[in-house]
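By letter and in written order, the chains are A, B, C and D; residue numbering begins at 1 in each of them.
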Amino acid sequence: MTARPVMTREEVEAFLDREFPQIHLDGRIYRVEGVGDLAGRMSMAISGRHVRPGGTVSGPAMMTLADLAFYATILANIGPVGLAVTTNLSFNFLRKPALRRLVAECRLMKLGKRLAVGEVTISSEGSADPVCHATGTYSVPPDRA
Amino acid sequence: MTARPVMTREEVEAFLDREFPQIHLDGRIYRVEGVGDLAGRMSMAISGRHVRPGGTVSGPAMMTLADLAFYATILANIGPVGLAVTTNLSFNFLRKPALRRLVAECRLMKLGKRLAVGEVTISSEGSADPVCHATGTYSVPPDRA
Amino acid sequence: MTARPVMTREEVEAFLDREFPQIHLDGRIYRVEGVGDLAGRMSMAISGRHVRPGGTVSGPAMMTLADLAFYATILANIGPVGLAVTTNLSFNFLRKPALRRLVAECRLMKLGKRLAVGEVTISSEGSADPVCHATGTYSVPPDRA
Amino acid sequence: MTARPVMTREEVEAFLDREFPQIHLDGRIYRVEGVGDLAGRMSMAISGRHVRPGGTVSGPAMMTLADLAFYATILANIGPVGLAVTTNLSFNFLRKPALRRLVAECRLMKLGKRLAVGEVTISSEGSADPVCHATGTYSVPPDRA
């Protein structure tokens, strides 16, 4: 049994920089805040692009952050041996986020040979009330160790 | 009983331009292709920002398109009397999209006084096989006629 | 390429009778109405067990019917070579069903080597308005032909 | 602000007995184990009716338990002033449950004026690994205090 996570926070961030340079097209708005055993935390700075009428953050901005948080957490726990593919994502939007940094906490409920399943809870930085909850299923590449 | 849709394709597009100018920050990549009774069609041009390793389109690009297609379809069918708020979105990713325009077909299964529920099927332009299927629930503003 | 479906309606029903005798504990309330290429139809008689306050059918009754409809449709299209396992089911409840037979139409959007993904629309018999919509993902046994 | 929960475990169980006698048609298999602030726990005894090939518990049995756990938790937190209506339920099936009592832990992430949103985690009694995770959205009756 491998001790998890198998990659450090810095290694995950370097992998994302190399494989997904597009996520930094608006500046380095995404940050891997931490990785752990079946867990990970990612955050996102909010800019004009993500603002919606009523002074809130767009749903797609939150969905993008959730997908990245799942991806980073799975990566940290299985290693950079292939690409996990999103098969299902389901979101409940709970409250209007404030116009400040969003923090996404990911927890994997299952990390199997074929599928990883987890949940992400997104909150505005400094607030305890979640603004969005996501569950996700990812197909894990068969060629990993 | 109101005849639906209550807005034309051009009116919906003008409303989105005015209320959501952010969606055009990368150029006019989104297009309202048509609106109908409990139905709507939206498309999206793919650019470098949406590309992912393996020559495919990112999940968040498809999720953003789906959310917009739901929004435009609800708008066309209830009119610009307030803002529908996304409460739930659920996605199944079915196949890798090609690197060309994506087309999203939306169909509302329910348009009630409080909630609208529908589905969106996304395909690469010119292909019959869907790449992504979404279901969505939107809270409809109580002050509409 | 195999012509689909690979089992007839009668073969699917006989398989369910043999492998899932529990579904008939309240009498033969479930019926396989038809199978087709990536499609299937199943129905369910409503009895006192499924009634809820307000003269409607319970959510779990509809969820059970949807799961069976997915299962029968996958079975008809891959054959009785192993058991598909439900990995994800997502339901939107649209309207109150009447107290009469429910009909579930299943359509598979993907039937891959590892995963089958589809949707089920449930209506009260004789009504055009759907009462429940489900999407489902099933893990397909690797040992099938 | 009302102190939550507003009903005791015994009051919730008595309400279910009165309003949903159908759930006890196979004996008293469901038990409200506890209620708390935005939380609740429910359990279910497994009998032949719920068994599936391979010595496991059927998906519909778990879905029924999850729906009841949501319902009991919302009831305990808003009181018996009307009936919450399920609008969305989404399930991830994580592992095969053992053939023993299932325990469902419910946590509400939002209890608003119109919608309640929460999650349920189901485990086999005595096991730490969840077998099923559900998220649910319920429409809250407008006439509550």
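We take it that contacts are C-beta pairs under 8 Å (C-beta built on N, C-alpha and C of every residue); 3 or more make two chains touch, one makes a residue touch a chain.
Here the structure is a predicted model, which is why all the values come from computation and not from measurement.
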item	value
Between the pairs B-C and A-C, the one where more C-beta pairs touch	B-C
Furthest chain, CA centroid comparison against chain D	B
Where chain A and chain C are represented by their mean Cα positions, the distance between them in whole Å	34
Chain A and chain B: spacing of chain centres that average the CA atoms, whole Å	23
Rounded Å distance, chain B centre to chain C centre (Cα mean)	29
Sequence positions of chain C contacting 2 or more other chains	87-88, 90, 92, 137
Touching residues on chain B, where the partner in the complex is chain A	19-20, 22, 25, 48-54, 58-60, 63-64, 67, 83, 85-93
Chain D contact footprint on chain A (complex, rising order)	90, 92, 94-95, 109-110, 117, 119, 130, 133, 135, 137
Chain B partner contacts - residues on chain D that touch it in the complex	87-88, 90, 114-115, 117, 137, 139
